[in-house]
Amino acid sequence: MSAPLKVAVLGASGRMGAEAVKAVGAANDMELVATLGRGDSLEILLETGATHVVDLSVPASTEANVRFAVEHGIHAVVGTTGWDDAKRESLTALLSKNPESGVLIAPNFALGSVLASAFAATAARYFESVEIIELHHPNKVDAPSGTAVRTAELIAAERAAAGVAPSPDATETQLDGARGALVDGVHVHSVRLRGLVAHQEVLLGGEGEQLTLRHDSYDRASFMPGVLLGLRTVASRPGLTYGLDGYLELGR
Amino acid sequence: MSAPLKVAVLGASGRMGAEAVKAVGAANDMELVATLGRGDSLEILLETGATHVVDLSVPASTEANVRFAVEHGIHAVVGTTGWDDAKRESLTALLSKNPESGVLIAPNFALGSVLASAFAATAARYFESVEIIELHHPNKVDAPSGTAVRTAELIAAERAAAGVAPSPDATETQLDGARGALVDGVHVHSVRLRGLVAHQEVLLGGEGEQLTLRHDSYDRASFMPGVLLGLRTVASRPGLTYGLDGYLELGR
Amino acid sequence: MSAPLKVAVLGASGRMGAEAVKAVGAANDMELVATLGRGDSLEILLETGATHVVDLSVPASTEANVRFAVEHGIHAVVGTTGWDDAKRESLTALLSKNPESGVLIAPNFALGSVLASAFAATAARYFESVEIIELHHPNKVDAPSGTAVRTAELIAAERAAAGVAPSPDATETQLDGARGALVDGVHVHSVRLRGLVAHQEVLLGGEGEQLTLRHDSYDRASFMPGVLLGLRTVASRPGLTYGLDGYLELGR
Amino acid sequence: MSAPLKVAVLGASGRMGAEAVKAVGAANDMELVATLGRGDSLEILLETGATHVVDLSVPASTEANVRFAVEHGIHAVVGTTGWDDAKRESLTALLSKNPESGVLIAPNFALGSVLASAFAATAARYFESVEIIELHHPNKVDAPSGTAVRTAELIAAERAAAGVAPSPDATETQLDGARGALVDGVHVHSVRLRGLVAHQEVLLGGEGEQLTLRHDSYDRASFMPGVLLGLRTVASRPGLTYGLDGYLELGR
């Protein structure tokens, strides 16, 4: 067995950060060498000999954190939001000067959700009909969910590329809203129900058959296997990878 | 074992009628004594000694068929549409003069669907949240389905009677239609997918739990157990019963 | 609006007790007047003027707690286990001398679970086939779950009473265990999966249709609406009621 | 638009064959040039100028049919069973002498089923727990279904290759059969219910999340999109392809 990864968690006092501290601490092949919160100096990374960082801090500090890591040969797995195109381009430029460093920026670390989106996009080429139902707790303020919108966009792009016709729909009369929202031509339905957390179903239908891809997220603990997978993989993938699906073996 | 019921099927050449002919013919406790189509004389019912009729004819003839049956002491199970309030009142008046005759008029003979609606109404008093998803083949021209609208109305009436607050919903921004159609305050979502037939889910949510009532209808054969149940019960229920749920033992 | 119920929680330091303290404290129509743990004197109930108790203590003390309540005209809602036939008979005798006191003993307070079991039993009379799938976290040591066994027994009893034939099954060759466990003639399948909590599906099938009754339990908070319903109802139901379904309006 | 494919259907009088005749006849990019049944001469393929055949005949004739096609430069899509290793090796040898001919032999043409199996295998590497539930009509004589057994084998192979531990299971006491059948270490549950056709769910669970892949097959019409996809692809894939998944773009 090889030496454990020396991992530091940035943003360790946030809710996701605290989960990461627990998960890294419990992993046999990792050693938690540092936990940094707001105001802590990044020099601690050098003093503790960290070879990997997990950045779960805030948009205001994530860019500086990651650039520091890259400049010091530390691999980075990043869950913080705020990485727009400009910031990613600038990071790519920096990585080209540090060709052995790897960075993973992932908007979503839930393996099941990432897999479900990828499978939905793959399957959408092969079915006449596709619709999305997302279900969340009733305190959510936006509808549809961001994940559902992204899944619909991904599906629409695959269908356009494969020349698939729009899903058939003979609806002539409807009550307002019955057929859901349209995202790039894909119908999306948003259910809000007390007791739920975050759930999504992609329904695909063809003559005589149906394929349903459902993901249920019950707890933010569900992000940790993806974070650990990222840490175990990032050193072998120099440069910038955007999206955890880049690390998954999706084909066969 | 008692003597078999002597059953005649009216509207026997229609699709539902043909199913009823098969189902009655296959029932051990029934004897199919006549099948009548358009233009056949109702006198055949008397000649064959029918004690029960199933009327699956057309709106234009169902009233005359049923009145003839009642006047001749024949019990009737009716699936034909078109029985508005006026016709039902007139039939009730006729039945009061023929107090031993029973008539069942049922807009829906699928036991599972009737049970699911009844259960949904019962449960809706006890949960904070309730929404409906109905799923059909893409050739359907209206949305939501009539069954979904009736289920929502039933649910809304029960919640109003029990003083239940509206389902919580913090949605502030939404894409048009994302949250579905509103029927008496109940959110209803209509999915259209190739390969499906007719399906409905009622989702009920409370703190920490969810109850889901789903009905799948694959084939019009699903109406026949309800028709047979109607035939076996109608003689013991003089007067007019509207809705198959009137014959089901729903409590305990 | 009437005066709030004066509620004391017994067993307040246990996990369920702590939930009850929160739930009663948050209910507009209740006042939490006392919380008792191990060793606390029941005299506190009298000093604080409690009119209702929730007993979520331990089997060793629940009988003394409830008898004290009944003898002092305090209504009791009881979730503690251990009430065998002998103890319930003895309690019924005591209640006959205190005819205004009400006691509810409920093995299960999750409304959705109680409703799902009742609906399953009702529906089981009307379908050819019925099977149960229960799904739990992988740390559960017994299979099937107690709830699944009780649901199967309830279903079997209803089918026997209604003269329904056993579910059809043409299986000739099977791998050991493929068709699940048999409980009173009902097939029961137990799934164990990381990430799950406690879930159950009753599947009912007839010619051309299917009815599915699913309950998901995510959190012990799901028991609290049932506890509150018990508290609000118990004073109007003198004597002993066993099972929360006794307080639900299941028919229409 | 290119010229239509000239397609002949072999085994055209069987149930699957009849579906293929309809499907090819309805496809805009295909011309149905011949339909052959038992006893018809394969010379008809040459006379009609067929460039593609669909073989849905019987095990006794499929090998001769396909060899004739290959020898005459006709591409073949084959759904007939009976192609054991020896026959496939012999066919591969023949194809090496006819390097422009393509043959697809597919044990399953339902796109949804093929995709669901492939997705299940892919996802099984990333989740702690995986189980399979298959649901069929009650006239089925074997349990589990062949598809469920193959899916379990595929999943087990992927998990072994990726070094994934067995699914956790703390069961100590169980009723016989409750935990299902074990296929290569994967628990498989078989439900038999009147009204169903053929359905399968693969449930994958990890800390705080669940991924469910469900396929419903309602009708043998569901095989036709796979047959048409095979016909459209086979000419561009010289040699023997075994399994429709070989023609699907499963990765991204």
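Note that the chains take the letters A, B, C and D in the order they are written out, and that residue 1 is the start of every chain.
Here is the rule we use: a contact is a pair of C-beta atoms (placed from the backbone, for glycine too) under 8 Å apart; a residue touches a chain by one contact, two chains touch by 3 or more.
From a predicted model like this one, the values you see are computed outputs, not experimental measurements.
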item: B-D compared against C-D, more contacting pairs; value: C-D
item: Centroid comparison with subunit B (C-alpha atoms), farthest chain; value: A
item: Whole-Å gap between the CA centroids of subunit B and subunit D; value: 40
item: Centre-of-Cα separation between subunit C and subunit B, whole angstrom; value: 33
item: CA centroid of subunit C to CA centroid of subunit D, Å; value: 47
item: Sequence positions of subunit C contacting 2 or more other chains; value: 127, 195, 204, 206-210, 216, 218, 222
item: List of subunit A residues in touch with subunit B within their complex; value: 127-131, 133, 135, 138-144, 167-183, 187-196, 203-210
item: Contact set on subunit C toward subunit A in their complex; value: 195, 197, 216, 218, 222
item: Contacting residues of subunit B [partner subunit C, same complex]; value: 110-113, 115-116, 118-119, 121-123, 125-127, 204, 206-225, 229, 245, 248-252
